[in-house]
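In the two complexes below, chain A is the common chain; its partner is chain B in one and chain C in the other.
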Partner chain A sequence: MTREIEKAAGIPVVQIATIVPIMLTVGANRIVPGVAIPHPVGAPDLGADGDRATRRELVLRAFRAMQTEISEQTVFER
Partner chain B sequence: MKRIVHYINQFYAGIGGEEKADRTPFFEDKVIGPGMGLAKEFGDRAQIVRTVVCGDSYYGEHTEEARRQCLEMIREAKPDLLVAGPAFNAGRYGFACGDIAAAASENGIPSVTAMYRENPGVELFSKKTYIVPCGDSARTMAQALSGMARLGAKLLSGEALRPAREEGYIHRGIRKNFLHEKRGAERAVEMLLKKLRGEEFRTEYEMPVFNKIPPAPPLKDLAHATIALVSSGGVVPFGNPDHIRVSSAETYGTYDISGLSDLTPENYESVHGGYDRTWANLDPDVVIPIDVLRELEREGVFGKLHPFLYTTTGTGTAVAFAEKFGREIGEELKKAGVDAAILTST
Partner chain C sequence: MKLELHKITVRDVQWGTETCVREGVLYVDRQRAVDFVAEEKRFARVDLELARPGESVRIIPVKDAVEPRVKMDGKGYFPGFLAPMDRCGEGRTLVLDGAAVLTCGPIVAFQEGFVDMSGPGAVYTPFSETQNIVLVAEPVRDLEQHQYEQILREAGLRLAVHLAQACLGSPADAIETYEKGSACEENEKFPALPKVIYVCMNITQGLLHDTYLYGSDLRPALPTLLHPNEVLDGAMVSGNCVSACDKNTTWHHVHNPVVAALYARHGKELNFLGVVPTQESTVLDGKIRASKMNLTIAQQLGADGVIISEEGYGNPDTDLCLNAKNFERAGIKSVVISDEAAGTDGASQSLADATPEMTAFISTGNVNEMLVVPPMDRVIGWPESIAHLSGGAAESLRADGSMLVEMQAIIASTAEIGYNRVGCEWI
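Coming up: the complex of A and B.
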């Protein structure tokens, strides 16, 4: 889905999910590793503030990914 | 003797090339062109009773009409088997052969065709008919004809087919259950040992092959960018109004989020059948981060959030559907002038 959106729209699509090898296999170009499968952009075990801070950091990292010039599939680690 | 109808295009019928490609369907109750070699291959096992001919452009441009007419001509001859082509690497001919063969099979007439592995007809029809792989040009005619005749004779015999690689056709993506003399664990260890020794081994579960694309250019001006949210995490408006499937989804939903600044258990929920939904249902933002996106939007970090959310469940979803969703969503984002997207998956 990520790859086809990127292809059809011609815009960067950042995928946030937990299993990086799958994202690499299906052809996502800008990859942000998520926290866990059932809560990719949340950390409920860190309490309300920790959860929100985690999510904010992931979204900001996605912003960094979409602004980064890349020539191949790239994983954006923290 | 068993009866065969042979389908070919205008070129192999000897009518003409491109200038005759809009020829409407017709038939003759005799063997024509490559049918000669085919008849020889079948020998006394079966007889070609009719040849149906259609121009490749006609079939491609008037597919429904061409299929209907050809199918009628085929059924009239009461065949036990339809043989189409071979189409080699001819795109329109491959499409026509695959389409008419699939239509025949659907109507209870077994069918076989032959084409080059990269003919687009393979991707379109390999699950709906039997396609014998052959070379990319008529140089491999003999190989294609004998391959189709071998498989055709097998289909005529009514015997159960063995795996595609043994029977010599492109696999149809069908897995059949059977009792193996060795249990799975033993087979897996044997496979692993072969892999470790660098020997050849064959997987029992082939993974689909995915395409890769060059990365899109980066976003230039985040502060004025419109950003869209897409998700395969199964998070939908409470009550799942569009009945998106909990797995093997064939649809996605488009929802107006322009008035939303936070996802809560009251307004959204997860219906995804492939993960523990406890956390997503306590706070759907852990899958679709609308709360912090609104915050960052207010702070002016980026321009604005696209008013629509695109969401589906990504578990057991066919690759073809996922790609179709992607194409459609991509087209919409393009039309709406969206500058970048974030896609979350579980």
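Coming up: the complex of A and C.
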């Protein structure tokens, strides 16, 4: 889906996913590593505040990735 | 380490006034066994059913399968569960060879499966050939899922040990001996043979996807090294509701064909140095950590080759790739055993991940292959649960009782330790 949206509509897509190697294999271009498979965009073990901070940081990082010019598959680490 | 499996051949199972085995027939005292399992007060209902090869019987949903076994010194089985905490893999074990306890109850999670005792579905599961004592249990209302999984898992183990215990004293039809020394001793005996280890990947993902080693959850654990006898003698217990087709049931662990095959070749073609039960983590760091520690164990033992079996599919494909990549880059030959999720037409990419180092791949079949299984005269369990099982759908169960399903709904149809009949056809 990530690749199709980019290809067909020309809209940059950021993929948040836990298992980065799979994203590299399937050809996602902008990759933000997620937290864990049962909760890719949160950290429930950090409590409500920690969870919220984790979510916020992930989304802001995804926005940053979306605005970044890239020439190859890129993983946006924290 | 020396292990003797005293195998009593079970060719039939019947109800009896006492539980015993005579001339190949396992007689089960139904009421006594039911009362024994019902001591767990979190069950609202407990019943037993028998299912024999060739009968027109469907069992659904099946969670685990356990071979009836007990240590002959009377100390139970499955250390950490039903035996005092101690090492297994030594001494004498009584085995009711050909019998199996299957656990069945209202669905725990979506990844359980079914067993047909005859018809086209039967050929894909080893439990169509075993004499089955089916434990059908319902939990009390509002019991949390993880507690239900736990009591049903433990009830299966308890019933299996209970049956074997009642047969202590009956003569064995065959005695199999498994004996092997330490890595140092075997290296001295067979200096010219290639050293091989077996890396057994296990679902360790929490949320009802867990495997136990000596009663301990493997999820927060790290890879470790076992003597193969420990695996063949009840060290590992399945507690997971991963897709039915490729979960290693508790029955599978003690029958692990990779362990058996390496053992059979030990001292002849190769030097079998041990088994590494390893994790499939839900976080990338966990996957990398486990795969690197597997490499360290292999290198410290001086392994020349590694066999890796996966459990489950999807994200564990990354663990599989990481393991293969690490070993190959370190100059250790690796062979992986995995099934494929290649779509109903078999045309899709069959693994979620890929790596060029993974050059030797043994396939145990395509989990998405479709088949129709006919109605059975008797259904043990809850046939409507097929709507929620992986490999099933709301429309799977038809009015006449037949089902259109994917292979993955059948217990152990593509088991990745290789205990099945599905694979590639050589042309």
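Following the convention adopted for this analysis, the second predicted complex is superposed on the first by the 78 of 78 C-alpha atoms of A that agree within 3 Å, B and C clash if a C-alpha of one lies under 4 Å from a C-alpha of the other, contacts with A are read in each partner's own complex, and residues count from 1 in each chain.
Convention: contacts are C-beta pairs under 8 Å (C-beta built on N, C-alpha and C of every residue); 3 or more make two chains touch, one makes a residue touch a chain.
Just so it is clear, the model here is predicted, and its values are computed rather than measured.
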>> Looking only at chain A, is it chain B or chain C that touches more of its residues?
In response: B
>> By the touch definition at the top of the document, which applies to A:Ile11: first (chain B), second (chain C), both, or neither?
In response: first
>> Just checking: does A:Val20 make contact with chain B only, chain C only, both, or neither of them? Give me first, second, both or neither.
In response: second
>> Quick check for you: in the superposed arrangement, does A:Asn29 touch first (chain B), second (chain C), both or neither?
In response: first
> Who does A:Pro38 touch here: chain B (first), chain C (second), both, or neither?
Replying inline: both
> Between chain B and chain C, which residues of chain A are contacted by each of them?
Replying inline: 18, 25, 37-38
>> Quick check on the complex: what are the chain A residues that touch chain B?
In response: 1-18, 23, 25-30, 34, 37-42, 44, 51-52, 55-56, 58-60, 62-63, 66-74
> How about chain A: which of its residues touch chain C in the complex?
Replying inline: 18-22, 25, 33, 35-38
> How about chain C: which of its residues touch chain A in the complex?
Replying inline: 205-207, 282-284, 287, 315, 317-318, 321-322, 352-355
> Considering the complex alone, what residue numbers of chain B touch chain A?
Replying inline: 207, 210-220, 222, 230, 232-233, 275-280, 282-283, 285-289, 291-293, 295-296, 301-302, 312, 314, 322-331, 333-334, 338-346
